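So, here's a batch of structures to check.
In what comes next, subunit A is part of two complexes: it sits with subunit B in the first one and with subunit C in the second one.
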Partner chain A sequence: MTDQDLLALVRQSLAKVAPETATMEIAADAPLREEYDLDSMDFLNFIIGLHKATGVEIPEIDYPKLGTIAGAVAYLAERRGQT
Partner chain B sequence: MSDFRMPSLGADMEAGTLIRWLKQPGDEVKRGDIVAEVDTDKGAIEIEVFEDGVIEELVVQPGEKVPVGRTLARIRTAGIVPAPAPPREAPQVTGSAAAGVPAGAPAPPAPSRAGAPPPTRVAASPAARRRATELGVDLRRITGTGPDGAITLADVEGAAAVAAAPAPAPDRQQAMRRAIAAAMAKSKREIPHAYVTTTIDMFRATAWLRAENQRRSVEDRLLPAAMLLKAVAGAVSDVPEVNGYWVEDRLQASPRVHIGTAIVLRGGGLISPALHDVDQRDLGAVMRGLSDLVARARSGALRGSELTDGTITVTNLGDQGVDGVLGIIYPPQVALVGFGRIVERPWIEEGRIEARPVLHASLSFDHRAVDGHRAGLFLAAVERRLQAPEAL
Partner chain C sequence: MAWDVIEKTAGTRRASNMPDYEAARRQFTWTEARRMLDGLPGGRGLNIAHEAVDRHAAGPLAGKLALRWLGRNGTVRDFTYDELRRQTSRFAGVLTRLGVQPGDVVASLCARIPELYIAALGTLKCGAVFSPLFSAFGPEPIHTRLEKAQARVLVTTASLYRRKVSDIRARLPHLEHVIVVPGEAADAPAGTHNLRQLLDAADDRFVIPATQPESLALLHFTSGTTGQPKGAMHVHEAVVAHHGTTRTALDLRPDDRFWCTADPGWVTGTSYGIVGPLTVGATGIVDEADFDAERWYRILQQERVTVWYTAPTAIRMLMKAGVDLARRFPAPDLRFIASVGEPLNPEAVVWGVEAFGLPFHDNWWQTETGGIMIANFASMDVRPGSMGRPLPGVDIAVVRRTGDDTVDVVTDPGTVGELAIVPGWPSMFRGYLRDEARYRRSFAGGYYLTGDLVRMDPNGYCWFVGRDNDVIKSSGHLIGPFEVESALMEHPAVAEATVIGKPDPMAYEIVKAFVALKPGHEASETLRLELIGFARTRLGAAVAPKEIDVLPGLPKTRSGKIMRRLLKARELGLPEGDLSTLEPEPAAGTSTSGGTS
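Here is the complex of A and B:
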């Protein structure tokens, strides 16, 4: 899976919890929770979406690393590279 | 024979528009079955029957707006042998009816009658079918991405998210705003509110939750919100008078604990559906129930009973970064619990100052039904339960 694939997947997972983001330009380093008003449930569902799509286990302690689009792509790329 | 009437889905509701019937004359129904969808100021709501029987007649047609209490259908109650359903044309959805269907609502189902050609079965996984039913998504409108174009669970959830995506039309937003305003004004006008507050040490609760989530899979993880709901439900057993309704000038305490949960809608506004029997569920079940309730609130798939059964409400503004909230009681309930964020603050423990995660909790209570002393005991009971999270 390329970084572009991961980017599409992250955008897709975000759009599932914040549908209005599906058609928006999103800065890679924008803090997702603040910018798109994600509550705890939204963010957990975002993480669950990433886990289901990639199979990557994401421990709770790593959640802050997935707080931006760029962070989530980098995290998934790294974790997939390790497995 | 009994009348199935337009239910009141909240103190502020005066009328509703029938979107569609999910049952037809001759269909057998059981208590709790969803029989229709109704459009209200707070969105499309599924409504249930409260007795067993057979649908005898549909009195109101899709698109008609009728006041609360008006007969929608007649039901032959249980014990009567149902006659075969008479052949009848499927109700036609008129232009005005179609206009009454909110954006994103599923299309009326194709009539299913003997003699009619069977509808083409859509290829979808069982999980996708189940989820589509839960979310009110029409499988025929989804392009599957699974093997041979089969519809997957992710396809259904994606379609539901897209359906929910458009912000409510301005008139709907205004209607919801008016409904909220009416309920809040009524509450403040009629209920003598009083408040107690406390700050709770969340060190043990958050440490336990961290450890618990480490051993759980991503999909089964818990949020603090689930713990708070369980703590509230447990505390109700210590101070039962906070759980119930003020009607006919007296408190009617409820033996069951259905917690109304304030949920913010992404397009604006909020809704407080009830999570049923929270005291009877374990933490995992509370979390799953909460997750399901939030998803259905935001996709417009709540049931009428969930809007009327709440016996106490919890509002949790922790995600909004506020320290605390003093809420307005949702009538005819008599109490509302407010939680702020869990945040590190200086805390004195055995004479030492430490940084500890703390939580501001409040109880807004109807002083006709609850005394200040008992309200204080209730918050103390919530705090006590959060000091033993493993027992929640």
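Here is the complex of A and C:
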């Protein structure tokens, strides 16, 4: 899976929780929770969506690393590389 | 299963602010509680901001840390009581110069930033009414509340203004002034005032005008089953309860470092995130960031938090992260932990012992009560799952309504009824703004009726059973179905909509909507997502449904009322009860369901 694929997947997971973001331009380093109005439940569901789509186990302690599009892509790329 | 009672040692009891609950209940009077406050100098009345800030700034606590603010990105800003006095005086001066009169409503729409705390206390100082709005509201809930409050001033940030307020401003004829906390660009959008510039130009001395204890101070919006949100009005006298209950229910003392995680956009974040700890003279910790397990443990440890007041959803998220994470950040200074927002499940109460060596102390109150009414106290054994016992000065009963103004008191222990409170505590709401009839309907037979169903056990502990209405409790917030349904109905494809609280292991309930479509619209996954996005854009994450099911039609009574409870029963897989008034449903057609969880 390329970074481009992962990016698409992260955007899809975000759009399942916050569908209005599907057509938005999102800066890679924009804090998702604040800028795109995700509450704790939305953020948790976003992470669960990423886990389901990739199979990557994401422990709670790593959640903050997935707070931006770039962060989520980098995290998933690295974790997939390890397995 | 039955949970063991968590017993308190004699040492713990003795060390608490209220070592003997029974004795305290016998001896307590609100008049005595009032004597623990100073009142305005010269007998000019009672003002919350004076009790919270100025009286300490004029005495030995002047140089003491009142608030420590932790920025999202690691910034720390400290405010001593004297610094807080000067900043809030400046803000009171700003409002006065803008022509704000006692009784005018000053609203806020801010994340947890220092300016929010300064605005709240500064507003109270100048005699205006402070009305906090939750920053995760979307434009529609903001508009509804600002319009209903007829707010003259709004304090917000440049970013929130652009995203959520500028488009609705033309529909807010009462809103004269918008004061913004500038962003990184240090600019204020057109048509707004720059808070920094206003504060810099203002005097840091301000004499609080004479304030009647019964003058309006706080306006908190809450939701009912039907109709628009209600504005619960509170007066300066409420500070007697804020102060007293902070001492008894949260066991707070001046040497404590207190962290209330609630957002001041809701009543807990005001009564106990701003007012209560300051009146006691303690140090309050404020974290700007949203929930994050590791960050929270670091704060408890590094800020040496002694008393912590948080919410069930957060506790359950910490539990999910595992007890090992908690143990990696020992917080030996922590001595009392409490929870409010929705009932705390016994597993979570007991998990506190595992993670922190302390049980969580659940307590109960609501926007209308202004302060904690029922609690598990530091000196009292904890029965996991119970909300505890009434505070000294608070008399409760379990009742059944028998008529418009009559109730029967349920005396059998264990029998379910509505929780009722004898009026007269200082932080009781004094009305719903511009809705006297609704206020009157909240009382019957000499009680304030809370709308919560409880039972009381033979030991006098109260147990939450459910709501007596269709209001949704989610992540510690109350959400009214009407507001959500109205927003969904604005979508061109939606013919009808109804909303329920769907039980959720984390949030207690989540908002779930059911919609039926107008002819010519087909149910599809695309449309379902579009509706969620549509609702989020209008209502914001705090109010918008997390799940939407599209149905061929919504079940109705013969008189045409949508049967919310039937949909809820189906959602839960429960028996559907008496359906004799149900109209035949349309033939099953395409339906799509599912959600984000």
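Going forward, the second predicted complex is superposed on the first by the 83 of 83 C-alpha atoms of A that agree within 3 Å, B and C clash if a C-alpha of one lies under 4 Å from a C-alpha of the other, contacts with A are read in each partner's own complex, and residues count from 1 in each chain.
The rule is short, and it goes like this: a residue touches a chain if its C-beta (ideal position, glycine included) is under 8 Å from a C-beta of that chain, and two chains touch if they have at least 3 such contacts.
What you are looking at is a predicted structure, and each value in this text was computed from that prediction instead of being measured.
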Using the superposition on subunit A, tell me whether subunit B and subunit C clash or fit. clash
A:Ser40 contacts which: subunit B (first), subunit C (second), both, neither? both
Looking at A:Leu66 after the superposition, I want to know if it touches subunit B, subunit C, both of them or none. Which is it: first, second, both, neither? neither
Partner chain in contact with A:Leu76 - subunit B first, subunit C second, else both or neither: neither
According to the stated criteria, A:Glu57 is in contact with first (subunit B), second (subunit C), both, or neither; which is it? first
One more residue to check, A:Ala15. First (subunit B), second (subunit C), both or neither? both
If I apply the document's touch criterion, which positions on subunit A are contacted by subunit B in one structure and by subunit C in the other? 15-20, 22, 37, 39-41, 44-45, 48, 59-60
What residues of subunit C sit close enough to touch subunit A in their complex? 72, 111, 136, 138, 290-295, 313-314, 317, 320-322, 325, 475, 504, 506-507, 510, 529-530, 532-534, 536-537, 540-542, 546, 596-597
If you look only at subunit A, which of its residues touch subunit B in the complex? 12, 15-20, 22, 37, 39-41, 44-45, 47-48, 51-53, 57-60
Quick check: in the complex, which residue numbers of subunit B touch subunit A? 154, 157-158, 161-162, 164-165, 167, 210, 213-214, 218-219, 221, 223-225, 264, 266, 290-291, 294, 318-319
Would you mind writing out the residues of subunit A in touch with subunit C in their complex? 15-22, 33-34, 37-45, 48-49, 59-61, 63-64
